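Shown below is the structure under consideration.
As written, the chains take the letters A, B, C, D, E and F, and residue 1 is the first residue of each chain.
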Amino acid sequence: MEREQFFEDYELGAARQTLARTITEADIVFHAGHSGDFFPHHMDAEWCKTQPFGARVAHGTMTFAIGIGLTATQINPRAFTYGYERLRFPNPVYAGDTIRTTVTIGALDDDPKRPAHGRVTEVCETTNQDGKTVMYCEHILLAERKEAAQ
Amino acid sequence: MEREQFFEDYELGAARQTLARTITEADIVFHAGHSGDFFPHHMDAEWCKTQPFGARVAHGTMTFAIGIGLTATQINPRAFTYGYERLRFPNPVYAGDTIRTTVTIGALDDDPKRPAHGRVTEVCETTNQDGKTVMYCEHILLAERKEAAQ
Amino acid sequence: MEREQFFEDYELGAARQTLARTITEADIVFHAGHSGDFFPHHMDAEWCKTQPFGARVAHGTMTFAIGIGLTATQINPRAFTYGYERLRFPNPVYAGDTIRTTVTIGALDDDPKRPAHGRVTEVCETTNQDGKTVMYCEHILLAERKEAAQ
Amino acid sequence: MEREQFFEDYELGAARQTLARTITEADIVFHAGHSGDFFPHHMDAEWCKTQPFGARVAHGTMTFAIGIGLTATQINPRAFTYGYERLRFPNPVYAGDTIRTTVTIGALDDDPKRPAHGRVTEVCETTNQDGKTVMYCEHILLAERKEAAQ
Amino acid sequence: MEREQFFEDYELGAARQTLARTITEADIVFHAGHSGDFFPHHMDAEWCKTQPFGARVAHGTMTFAIGIGLTATQINPRAFTYGYERLRFPNPVYAGDTIRTTVTIGALDDDPKRPAHGRVTEVCETTNQDGKTVMYCEHILLAERKEAAQ
Amino acid sequence: MEREQFFEDYELGAARQTLARTITEADIVFHAGHSGDFFPHHMDAEWCKTQPFGARVAHGTMTFAIGIGLTATQINPRAFTYGYERLRFPNPVYAGDTIRTTVTIGALDDDPKRPAHGRVTEVCETTNQDGKTVMYCEHILLAERKEAAQ
C-alpha cells in the first residue's frame, strides 16, 4: 500500500491501470448533494430527454473525484500533489457506465524553484466500457530526489 | 436561476462571490466513501498528528467539487464547460473551515477552431475564513457568439 | 410492529413517547444535500456566529422528517395519513441536541365526506433535552370504522 | 441569491417556479436512513406489488423536504418562517418521477400580535411530470414592514 | 420498543420475523463507501457479467449489517450481545432482492463463567423473496437471570 | 491489487496490517441509517451519559464492516469467503477512535468435502489507538489447491 518512490525511481512511459467501477444513479444523486450542484443536466431526467445528450450525465467534478479516487491505492511518502493541468471531459458519463483510469508517467522535469525535488507528470485518462475517454488530466507531483534525501 | 449570456455579454474583470459553506468531518468521510480515497491524510487522525499539517485534511478532489459546486447557481444555456486549467490547492482545508468561491472573468478569447464561440476564462478562487486561498483554477467555457446565434 | 387499530380503538388523550435521537452535524450536512437547501443558516458557521441564534441550526424540514420518523414504529393497516396541520418550529435544533416526540390523540372526529372512516388527530410534539418544544404539528389520519369493515 | 423583500414588496398572485428534480430510488433509501422510517410502503418492493399503489412510494416527509428544498434559491433577510399549514400529499411520488414546485403569493395579512411584521402566505404546490399535484402546503412567513424598519 | 426479558423469559423455539426490505443498487454503493471495500464483485458491472454470479452482489458485511439491523426493534435492557457464531452467506444478494430475517431461540445454556447470566442463542436466518437463505448466523446474548437480579 | 494465491501459497503465521481509519460520529449516524438500527446505545447521547459506557458507541455490525473493509486491498482470484467464526467485540468503539486490522494466517486445513480446496483461517483482529481489541473474528476462506488447478 505504501510504496516509497524517489524522483529517480519514476520511469518515463510506465503505466498502471486501476480497477473499474460502475457509476450509478445513486452516485449522481449523492454528488449533487455533496457538491450542491443540482443543475438539470444531472438531476432532471425529463429535461435531459429533450437535449442532445439525452439522459442525466455525471458532474465533471464527480468524474474527476472518482477517476482520481480510483488511483488512490499506492501511497508514496516521497511525493506530494502540486496540481492538475488540462482537465477535460471529452465524453459524458451516464449512470450504468463502467470507468477505469490509466496513469502513465508522461514527463519527468526539473523544478527550477525546488532543487531537492523533481516534477513528475502523471497523465490520467479515464475511459468507459466502450474505450471512450471520459476524463483526461495531468497530475503534477513533486517527488523528492534521492540525492537530496541523503 | 437561468441567465442567458452570450460571449459578448461577458465583461472582463466582472466578479461574483458565492455563499459560504463550512466543511465538516462528515464531508470528508462522505468524500472518502464517494471517491474511494481512504488515504491516511484524510482518514487517520492519529497519523496526521505526527505530520506537519497536524490534522486530517480535505481531499483536493473534494475542495474542487465543493468549491466549484458553490458557483452552480446560474445556468447559462449559451455556454458549456471546455475544461479546467492550473488547478491548485495552495493551503489545506480542515474540518471546521468555512469556504467560499470568487469567480472573476479573467480572459475573453477567440477560439480558432470554433468561430461561432468565444472562450471565457473564469478564474475561480476559493478562500477560507482567514482569507487564505485553498483552491485556485481556471474554468474555461465556450460561449456562443450573439452574431452566430442569429 | 403491525398493530391494527380501527377508528373506534383510538382513545382520546392516549399518548406514546418515542425513543430519543441526538441530532448531529452530519445530519445537517446530509439534509442540505438531500433537500438541496444550502442556506447559510444551516451551512455557514462563520455567518451564524454573527446572528442571534449563534450557530448552525437544523432545517425545519429535517426536524419534521426526523421528528415524525421517530414515530414510525407501529404500522396500522386500518389508517392512512390525510395530512398535517399547524406545523411549527418554536425553538431551533442545534447539532448535539437530543430530541424525542410525544404523540397524543388530540381529537376524534367524523369525516363528513367519508362515512366509513373517522378522522384521528395525532398531536406530535418534539422536544429537546431541556424539554423545549422544537417541532409541533397535528397529524391527521383517516381510520376505518369497525362497523364499515364488517 | 440574497434578495431583500419587505412585506410591502410582496405582490398578491406573484408566482415563481423552481427547477425540476427527478426523484430516485436512492433518494428513498437515503430518506429512510435519514428519518428512520423503514415502513414497507417505502422499502418493500414485494409487498408494494400487492397493494393498490403498486410500487414503493416516497415518504411524505421527503416529498415535503425536497419540494420545499427546491424553493431555497432566494434568501430574504427581511422574512422568516412562521410555519406551514394544510400540508397534503394528493398523489404519490415514485422513483423516476420528476417534480418541481410553484410558489404563489396567496395572501398578505396583518399579524395582530406583531405590528412590525406582515404575514405572507406562500402557496407551495409540487407537481410531477404529468402535472399531478404531489404536495401542497401553505408556507407562512413573517416579513418586516418597511415603515417598521425605518 | 423496550421489552424486559430475563434469561428465564426466553422460550426455546420461539420465533419472530422482521419486516422485509428491498436491497438496492444505492445500498451497495453506500456500503462500498462506508466500508471502503470497492472490490469488482460489488462495483464493476462489466466484470461481473463475465463471472458465474453474473451481476454485482451485495457485500457480505452489508447483508450482515442489514439482516441484523432488521431485527433491531426490541430493546431488552436485561441482555447484551456476546458475539456471533457460524456467520454464512449461502446465496448472493443482488440489487432488487427483498430480504427479511427470522430469529429463533435455538439454545438456552448456562454460562460457566457468569453464574448471574444465561446464554441465549438466537438463530438468525435472512431469506430473499424466493425463500433462499442469504445469511445465517447465531447471535449469542448474555441475559440476566431473574434470581440474580433480586 | 490482484494477487493470486493458491492454498499452498499461504503461510501459517504470516501477518499483514491494514491502514488505520478514524471512526467518526458521521459513520455512526450513517450506519444507523444504512442498517436501520437506531438503538439509543448508538444514537442517544443523553441516555448514554447515564450508562457505564458513557457515550454513543459504534454498532457491532459497523465495527465488523469497517474492520473487514480495511482488509479489502488484495483480491485473490483463487479464494472465496466461506464464512466467519467467533465474531466478538471485546471493547467499544467511540467516535474519534482510530482503528486498524491485523490479519494473521491462523490455520491451514484440509476441507473434507472439497478435495480441490484447502481451508484458510485468517484471524482478523481490529485494535484501537490504545492497542485494545475492538473486534475479533476468524475469516474462513476456501483456496484452490495448486495441484487441482492443473
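Definition applied: contacts are C-beta pairs under 8 Å (C-beta built on N, C-alpha and C of every residue); 3 or more make two chains touch, one makes a residue touch a chain.
These numbers come from a predicted model, not from an experiment.
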| item | value |
| --- | --- |
| Labels of chains that are neighbours to chain C and to chain E | A, B, D, F |
| Chain pair with more C-beta contacts, C-F versus C-D | C-D |
| Fraction-based call for chain C against chain B, same above half, different below | different |
| A-F, C-E or E-F - pair sharing over half of the A-B contact pairs | E-F |
| Between chain D and chain E, centroid-to-centroid distance (C-alpha), Å | 38 |
| Distance from chain C to chain A - Cα centre to Cα centre, in angstrom | 44 |
| Shared-contact residues (touching 2 or more other chains) in chain A | 19, 21, 24-27, 29-30, 34, 36, 38-40 |
| Overall pattern in which the protein chains touch one another (line/ring/star/complete/other) | complete |
| Chain E - residues contacting chain A, complex | 24-26, 29-30, 38-40, 43-47, 56 |
| Residues of chain E touching chain B in the complex | 30, 32-34, 36, 38 |
| Residue ranges of chain D touching chain A (in the complex, touch as defined) | 19-22, 24-27, 29-30, 96, 98, 129 |
| List of chain F residues in touch with chain E within their complex | 21, 27, 30-31, 34-40, 59-62, 64-66, 68-70, 72, 75, 81-89 |
| Interfacial residue positions of chain D with respect to chain B in the complex | 1, 19, 73 |
